[in-house]
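Every chain is named by a letter (A, B and C) in the order it is written, and numbering of its residues begins at 1.
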Amino acid sequence: RLRGYTQFRYNRLPSFRVNEDLINDQGDRFLGKNNGFGIRRARLIIFGDVHERVSIYLQPDFASVISDQYNVAILRDWYADIFLDSAKEFRLRVGQSKVPYGFENLQSSQNRLAFDRNDAINSAVKDERDLGIFFYWAPSEIRKRFKDLVDNNLKGSGDYGVVGLGVYNGQTANRPERNDNLHVVGRVTWPFLFGKQFVEVGAGGYYGRFNVTASPSASAPYALAGGENDLVDARANVSLVIYPQPIGFMAEYNVGRGPSTGGFGDFTIDSRPLRGGYAQLMYKLDNVAGVSLIPYVRGTLYEGGKKFETNAPRYDVRELEMGVEWQILKALEVTAAYLVSDRTSSRAPYQQQRGDVTRIQLQVNY
Amino acid sequence: RLRGYTQFRYNRLPSFRVNEDLINDQGDRFLGKNNGFGIRRARLIIFGDVHERVSIYLQPDFASVISDQYNVAILRDWYADIFLDSAKEFRLRVGQSKVPYGFENLQSSQNRLAFDRNDAINSAVKDERDLGIFFYWAPSEIRKRFKDLVDNNLKGSGDYGVVGLGVYNGQTANRPERNDNLHVVGRVTWPFLFGKQFVEVGAGGYYGRFNVTASPSASAPYALAGGENDLVDARANVSLVIYPQPIGFMAEYNVGRGPSTGGFGDFTIDSRPLRGGYAQLMYKLDNVAGVSLIPYVRGTLYEGGKKFETNAPRYDVRELEMGVEWQILKALEVTAAYLVSDRTSSRAPYQQQRGDVTRIQLQVNY
Amino acid sequence: RLRGYTQFRYNRLPSFRVNEDLINDQGDRFLGKNNGFGIRRARLIIFGDVHERVSIYLQPDFASVISDQYNVAILRDWYADIFLDSAKEFRLRVGQSKVPYGFENLQSSQNRLAFDRNDAINSAVKDERDLGIFFYWAPSEIRKRFKDLVDNNLKGSGDYGVVGLGVYNGQTANRPERNDNLHVVGRVTWPFLFGKQFVEVGAGGYYGRFNVTASPSASAPYALAGGENDLVDARANVSLVIYPQPIGFMAEYNVGRGPSTGGFGDFTIDSRPLRGGYAQLMYKLDNVAGVSLIPYVRGTLYEGGKKFETNAPRYDVRELEMGVEWQILKALEVTAAYLVSDRTSSRAPYQQQRGDVTRIQLQVNY
């Protein structure tokens, strides 16, 4: 069976403080100067049960980029779920799939309110995915609850188990593994029901060693501290979600250490401390002239490296995003948001940039 | 729902004047020396209505090229039609789709008689597509007529509206936008019915600024005139189609200005005048021993640049193509054609080449 | 209609003689140091009859690699079968498809027991495929037999005709043709039935000229002998398959000449003699505690070049693989094997390497 979604964006609407050097390669490649319309995600998902104990989930993205060539088909998910019991409470997930770290990482971009994931948690795993074997357990009743939280448009994460454990390569999705050791990850979460209000609380962490790419030049001699690569990459996080019935709140925070320069002007790459999180408030308004509206405001903080970028630059991110999602039809959503951003640029020499952006996105679900 | 088509070619049949330096990168990458069998197009289209007011059309091409790597999956179309009224006469098309400029650009390669599109009009938009928002209007009766002209194998363009308006990035499909302004396009067309004979007359134009890539060397110092990029790129065209019932005729002509060198030996790139068009005569023979035959002859003229090629070389093209399409089954078409060509090479130093080519193509429709 | 399969691997299980320099780019890119989990094949096949005389078979692989970018969608098969008679005994296959040379090359990786194809025969055609036109003939009764040999999990090759003839570009799949001549191939095979035992005997050969890529450096001056490229590339092979009912045996051998260096330290590339083959013993155990088990042992020998690799290095390969395929469900197979290998490295300076590897693979069929 086929389904999918596509996100079209236009980021050049007027804002109070335009800064053409404000760019964010991980979040949205259509920021910064010389941009116009963009296809942010173009997903087609092939999924189904191939046996009562085996199901597949194959998701290429048709809006991926190889150097200057846009819109190449590259994998996101490509995994099989192997159910260990007939009630499907215990399962192994083999292949490339999301690493169970954090809540927003696991929530589909199809369901997320904010335009992009927060830097604090998302810097843990580029594209949220890696290649490995994961074990998930969730009782039937909670599996149903995970499903309902998505189906009722309460912006759930879907079912990544109440307990999730895994081992994976650690160099992030669609990249060659570059060392001989694996990352390990663990996560526990529970969607409580208080009366009619769903509240989900979770915690988790991962540990591994990451192989960084440095690209030194005469004026910017980026180098590994002591010449040693395969740097310690480890984090712990907590998350809280109060589902929007109608008022909602979600927050996550993580601390740890990972590959990073020491900041602007420091060219030494080492495993350094990092910390950050976000908090978001939202309000779900149903049947406003026949449509559903969800205004939201989100604040993000992050101080730490992005290990998967060349030279593992250190980021200092402070962002506030105010937006509204307008679900016109089940097939059609428009989101508009105003972003106040103070962040390190994704391009060398990784300078700090302050600017605002007004963005609009049309999402088509199929 | 899925459909698609594939074109297999062999271009090395004997001709009166073989010229191994006669190449045409935009038209057919299997021309010139060191070639054999080729897959020119390998299309798979996923389309359908996801709501009574929303439909999607997703078309990757599996025969695209990234440097030396053939047959990579890259997008062609990826758009949603959003109908503004229940009769579906007014619609917005959002995403990557064909730019409504000219007739042959909009006609599917699945339906075109000639092996490749004409240089005169096709030089306006590489791959015929760009990323943007387009508005189309056509009365229900004319929408049906557009559909019939394709279904009855009269080689129509499909429904791009009687009126089409749009804004788009302007750097052509699957390429990063490289400036902050958009292209605008407008087109009007009408398929008249005189007795039983369909005749379509159209006109349109576009305006924008295009960012050129120059690749200078010591011996060939290509450079932008005055060092300024984002050159004016604007055209107007007219088209006439007399559908083959059984005799048919089609012609288009366009004038304008766009990025271009001054010709062979002139290394200055500037916005320069361009002009050109084509005329084609065809005859539809049905039920010739159970199959359908359409012989055709087409002449093309073009003087102007190809903005999307490195250095925006100036082309001088004079071509005559004589061929016949032989529809064996609905699923299987063979086309053979003899091409007499005098054209500028697509490779530096962009010399003029005179040669003939005999080509055969098998098209499979599914 | 859609079907496909995926192979996930982990190659770093303990072995008696670990050699991190033992790599084999054609066979398994997840060998050697700095590796972990890998997706070896991620296939999705779209196939069907579009007319009683025309069928299509479109197979992209989503685990292909472009330089450092893993998991890009690139073609494997993309062809149409055109049946010349209503009994479908005679057919033309047009497009990119498997070159009918050898048995194991034609057998799907979905059905093969060993982890990778043998070097001896597989060095004839990278990815087993090329672009061209092939003619196949098989009587209806034998077509059914070919089908049964696959359906009953006897590890057949599928129907590539009792007689197969073809012309193709010769530079192997998804690569530009680089000369003006074509390769020709012919093959005859017959699946005999002795009582209840199926035995298949085949023979074939091909001839063409291959254009080699040399990458010389100061210390390694790789060069074409006499400066001439388009080297003779010709082989003949014989194959014998005794299908596992329950004991099975298969062997192939080929001799010929093809582009190759003279071995380690010889930098001259010329058309040189090559020879090699493999023999495999297997035993099909059905209903062992509800599942099917097939242990196998395979020995491979090859002395000759790999024309499609840069510099066409000469290989000396001696390998022994002992493994077992465990078919848990129709949808799920696990294979584990121990490989004893003495082979030339795929990377310059192409040194001989001796080492063992223990591998495990999960295959999901859908």
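Convention: a contact is a pair of C-beta atoms (placed from the backbone, for glycine too) under 8 Å apart; a residue touches a chain by one contact, two chains touch by 3 or more.
Predicted model only: the values in this text are computed from it and were never measured.
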item	value
Chain contact graph, described as a line, ring, star, complete graph or other shape	complete
Residue-number overlap at the chain A/chain B interface, same or different (half cut)	different
Whole-Å gap separating chain A and chain B, where each centre is the average of the chain's CA atoms	39
Junction residues of chain C - those touching two or more other chains	60, 66, 72-73
Footprint of chain C on chain B - complex, ascending	2, 6, 8, 12, 33-39, 42, 44, 62-63, 66, 68-73, 329-332, 362, 364-366
Contacting residues of chain A [partner chain C, same complex]	46, 48, 50-51, 53-54, 56, 58, 60, 66, 72-75, 78, 80, 82, 94-96, 131-133, 168-170, 173-180, 182, 211
